[in-house]
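In the two complexes below, chain A is the common chain; its partner is chain B in one and chain C in the other.
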Partner chain A sequence: MNAVPRRIQRVLAGISLPVYLLLYAPLSVIAIFSFAPSLGHPGPNVAAYGLLLNDPQVLAALRRSLTLAIGSAILGTMLGTLMGFGLSRFRPAKGGGFWLGTLPSLIIYLPIIMPSLVFGISELIFFNFVHEYTGLLSAGLLTMGIAHVTFQAPYVALVVYARLAGLDPNLFEASQDLYANAVKSFVFLTIPVVRPALIGGFLLAITLSIDDFTISFFTAGPGSVTLPIYIYSAIARKGSSPEINALGSLMIATVIGVALLYYFVTRHRERSNRIPAVA
Partner chain B sequence: MRTAAQGEARSRAWRLWITSGPGLFWIVLFLLIPSGVMLGIAFFTNSDFGSPVLPLSLDSFSQVAGYGILGWSGANFTVLLRSLLQAGVATSVTILLAYPLVFFIVTRPAGLRPVLLLFAIVPSWTNQVVRTYAWMELLNPFAPVSHVAQVLGIIPPHLGLMPGNFAVLVGLSYNYLPYMVVPLYAAAEKLDWTLVEAGRDLYASGARLFFSTVFPQTLPGLLSGIILVGIPAFGDYVVPQLLGGDKAMMLGSLIADQFTFSPDWPYGAALTLIMLVFTCVGLIVFRRLTQRLGGGEGAML
Partner chain C sequence: MMPGAVMLPAGPQEVTAARGAISLSGVTRIFAGSIPAVDHISLDIQAGEFFTLLGPSGCGKTTLLRMIAGFETPDEGRILISGKEMQDVPAHQRAVNTVFQSYALFPHLNVEQNIGFGLRMRGVRKPERKKRVDAMMELLQIGPFAARNAGQLSGGQRQRVALARALVNEPEVVLLDEPLSALDAKLRAELQIELLRMQKRLGMTFIFVTHDQHEALVMSDRIGVMSRGRLQQVGPVLDVYEKPRNVFVAEFLGLSNIWAIEPLGGGMAAAPIGMLRIAAEIGAARMAMIRPEKIWIYNDTHAPQGRENVFPGTVREAIYMGASTQYRIELGGGGFVLALDTNNQAAERSWRPGEAVAVELKAENIMLVEA
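Now for the complex of A and B:
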């Protein structure tokens, strides 16, 4: 890109490098403070990590967070993939008017656009009413999972839709010409083609679930404290502590690890999937 | 012939509902209906326990406007204005940081760009509570940053940079910076640099060159960035809750209080309605602007 003079490039770098520093400074501070000296442990130490790994509350919260993330991501990916697939393949060519065109788009964008506080409180009220009148759906992991699926599915649908939109529709015609029925063509053509989007969508759904606090907070019950809620209430109760810093550091490290994994997986997939995209 | 075409259309519609139906139904059942119920509650009366009861009334809205047992107070307007202001300033900060960052990335060799972009986005994948908590560690009265500010006389001794409006602004900008970077990057990557060359041939330079060649081309990305940052920043709950404090309260905390500490559902629902109205107005205005500029949305649903 030689359209940008060297002098301006230097200015851009001079601003951007501090921005990168700023992005990672707070995260590094948490990591550094997690080794801070505490009562009975002078000097830098890993005592906080030891405390953490022996704390039954933290371990239970971790288990709940993982159950919630994986469980909701499976259902969210299934619903989202079907939505993305259906809307890209079966929506009438001319846009489909209101009922088949505009309305589905509006519904899909609703969870993405709605402020998460409004989202969470709406669910809180709704589950409260449902529980009051039917006795079902008392606040807990189940209600949290339902809420998580609601915001995961649209994102997965968008990822799958974007993947299918770049695809030659003749491929589906060709599979029909070869006497594949709808189910066969879905299993042998659609699934392999959307597999990168499926994996990407699933990872995205897990990230969204782990990243969320506000919606989880309002749909959680007393027995469903997940990691973010545990951290939030610990901060509210006793401020910062090396233990919370250690927990935060582990969560940050996990996310960065998953991000790098995702990057290398998708980079590899993109290369190996060029054939169907070109065809 | 016609019946065949009709049959084809009907079978497509049927398949559309079979595949997309369950997901759409899920969203309608678990989000559209709940938010409808929530907005309906705004028109009920508050009971002693904070739950909505009949008769229908507009009491909650006069409460929103500031009328209470003790007469009129402007506190709610202050909170609303502060939320709008914080969202606006935070959006401007992200714009000022994102432009140089995005053009720095775009001017790197093609192989490096995805990595640099990834590194700009990764912090946003960590949990919002952890991210905000990190700023509590950085800005609290005992942190080195606050100490420097105390020595420089920016803040009085023994006080930290948090809680307060400044800390909320920092937290919001930090949280939502990647949401500005991504759409701007998408626009900047497709930039037609020959226009910049043409501008330079016509002896334009500096700000003039930027605003007549680069800026118009990145405007669609900028507008989506403003939506992606401004709307969630306006309705944010975690950041003002952890970094704010009473004097920096934003609309989100005010709403949440009506459903947790001092339950008053109709009042909370009416406040939520106000939040949604502002959100929708913002969305519609920026969408119109984008359409007028002819911003293509590519593979969007």
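Now for the complex of A and C:
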């Protein structure tokens, strides 16, 4: 750590503490309220969790959420990997100017920057349009899946691209030099070296899908209520309840769990794969 | 493929078809919107030769190497390896292996797997592969690190792994792109000798790229000095050092004193430091060069009287370099010469700045060079 004056360190600590508080206080409030007393259950209790796990609507929504998350994450990771690979591999050496350098990455990254409201509405209009003329793509898990893939893939591409960009460019030439054609080079070099990024990107895609509400809301059909949509409608109908708080707490725990998994997987892999730069 | 059975189209120059011979004719590479990186280079490298491409950074030597490897395509000219035209042969089908400056060891494989990668890609079966990889690790003394990841190796060890990874495929030609530049001086000297020994033992053609003139002198059978995309001079090490063709080669390879001259006839020429007798036929040459170690330094009072090419002067700078001392001497006419004197027992004495001396530039030691 470079020498940061102690006074500045204190100021920074003074700013970051309230920020952390602001970030995590609501989460802990939900967690605490999930144990709140309710009708017939005085004092702190876990009745809400029991109710939740026996609610067929919740379980169906959970199943749909997981199906959607895993399915879209697999597809999103595959597409995102190819995008990240293409972005790093076929970019001209000198940046390529606007048309070959900036534009391709802009097109890929735009869904990340785009407000999800705009994204969701445009998906809705697009799917309606297609459905009207072809009868395909009626609103449901399929349309939600397509929408999820389109916003997951850029994130995966970003992670994979970062990994590839950090590698010695000579590695790919070395594989060609050692008799690997393009396909062998991809299978025996590219895939193994980006594997940590691949796993990380996959887990990231799952978390993105599980907690997405806006885009899901616009692309969902009557039979494809996922957890976030279920929570929204439950709150809209009867306000916050211990069950909803319990559900929220479980989702927070899951996402934290996946994030930790992601952290340890990538960190462990990174460490065993790193080659210190030659001075 | 049968050795020696290759038929060649009649080229403008004689083409050897021996396994590992390389023939370049008019090879040119121009990167978009700039001057040629490699400019009409024609060169024949013999099979089994240790050939060094020497030049400052940006002279095009690495680009030339990359074209031989197949990573770059020449815009003009032909490259023949072992007599075969390489124009449409992709890098992965060339019997050429490269040792990269960054080593480019695969981060997801251990030492053994790194070395075996080329054999694996060519479909060599595991028992045979293991035998050859083990033999190569033994040869380069990296067996103890077989299971280590590339990240756990020192610079010298990585260099050896990179070399083993190339040699194990028994390529016709090994290309080395400044493979020693990241190592410290002592290790570099050790590996230079080892590399040379390995090359003589295996008999493969080595093309070595470096900007280090000392490395080039130590290792090569022949060197090609490059500047601005062109070959300035090609020849055995001794020839290039002793008889540099032009000012660039003279200055890049070793130290030199170079003067513009005006021929006066009768083997005499006027130089900024005075009149010089030159043994060589002056002809159209307008530049003269002498190596610092070819200059005699005399104590002022012992200077030979009445001889040509003897100039009085004063020592202005003496740099002690261990085995020798380098002197910068200001001559009576105002010019400077650089002279080198060995510090062995035969050396009469050494000089300190400010001492009066005389230097002799023997006529036969003065070389004529092109501008």
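Keep in mind that, in the parts below, the second predicted complex is superposed on the first by the 253 of 279 C-alpha atoms of A that agree within 3 Å, B and C clash if a C-alpha of one lies under 4 Å from a C-alpha of the other, contacts with A are read in each partner's own complex, and residues count from 1 in each chain.
Note that contacts are C-beta pairs under 8 Å (C-beta built on N, C-alpha and C of every residue); 3 or more make two chains touch, one makes a residue touch a chain.
Computed from a prediction, not measured in an experiment: that's the story for all the values here.
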item	value
Chain B versus chain C as contact partner of A:Pro115, first or second or both or neither	first
Contacts of A:Val193 with chain B and chain C, given as first, second, both or neither	second
Which superposed partner A:Asn45 touches (first chain B, second chain C, both, neither)	neither
Touched partner set for A:Glu173, first chain B, second chain C, both or neither	second
Greater chain A contact set [chain C / chain B]	B
Partner chain in contact with A:Asn181 - chain B first, chain C second, else both or neither	second
First, second, both or neither for A:Thr67, with chain B first and chain C second	neither
Touched partner set for A:Ser138, first chain B, second chain C, both or neither	neither
First, second, both or neither for A:Ser105, with chain B first and chain C second	first
Touching residues (chain side chain A, partner chain C) in the complex	167-168, 170-171, 173-181, 184, 188-189, 192-193, 195, 272-276, 278-279
Chain B contact footprint on chain A (complex, rising order)	1, 3-4, 9, 11-13, 15-16, 19-20, 22-27, 29-30, 33, 79-80, 82-83, 85-87, 89-92, 100, 104-105, 107-111, 113-119, 121-126, 129, 146-147, 149-150, 153-154, 157-158, 161-162, 165-166, 182, 207, 210-214, 218, 227-228, 231-232, 235, 240, 244-245, 248, 251-252, 255-256, 258-259, 263, 267
Complex contact set, residues of chain B against chain A	9, 12-13, 15-24, 26-28, 30-35, 37-38, 41, 97, 100-101, 103-107, 114-115, 118-123, 125-131, 133-138, 140, 174, 177, 193, 196-197, 231-232, 234-238, 242, 252, 255-256, 259, 265, 268, 272, 275-276, 279, 283, 299-301
Chain C to chain A touching residues, read off their complex	69-71, 90-93, 96-98, 100-108, 117-118, 120-122, 149-151, 155, 158, 165, 169, 182
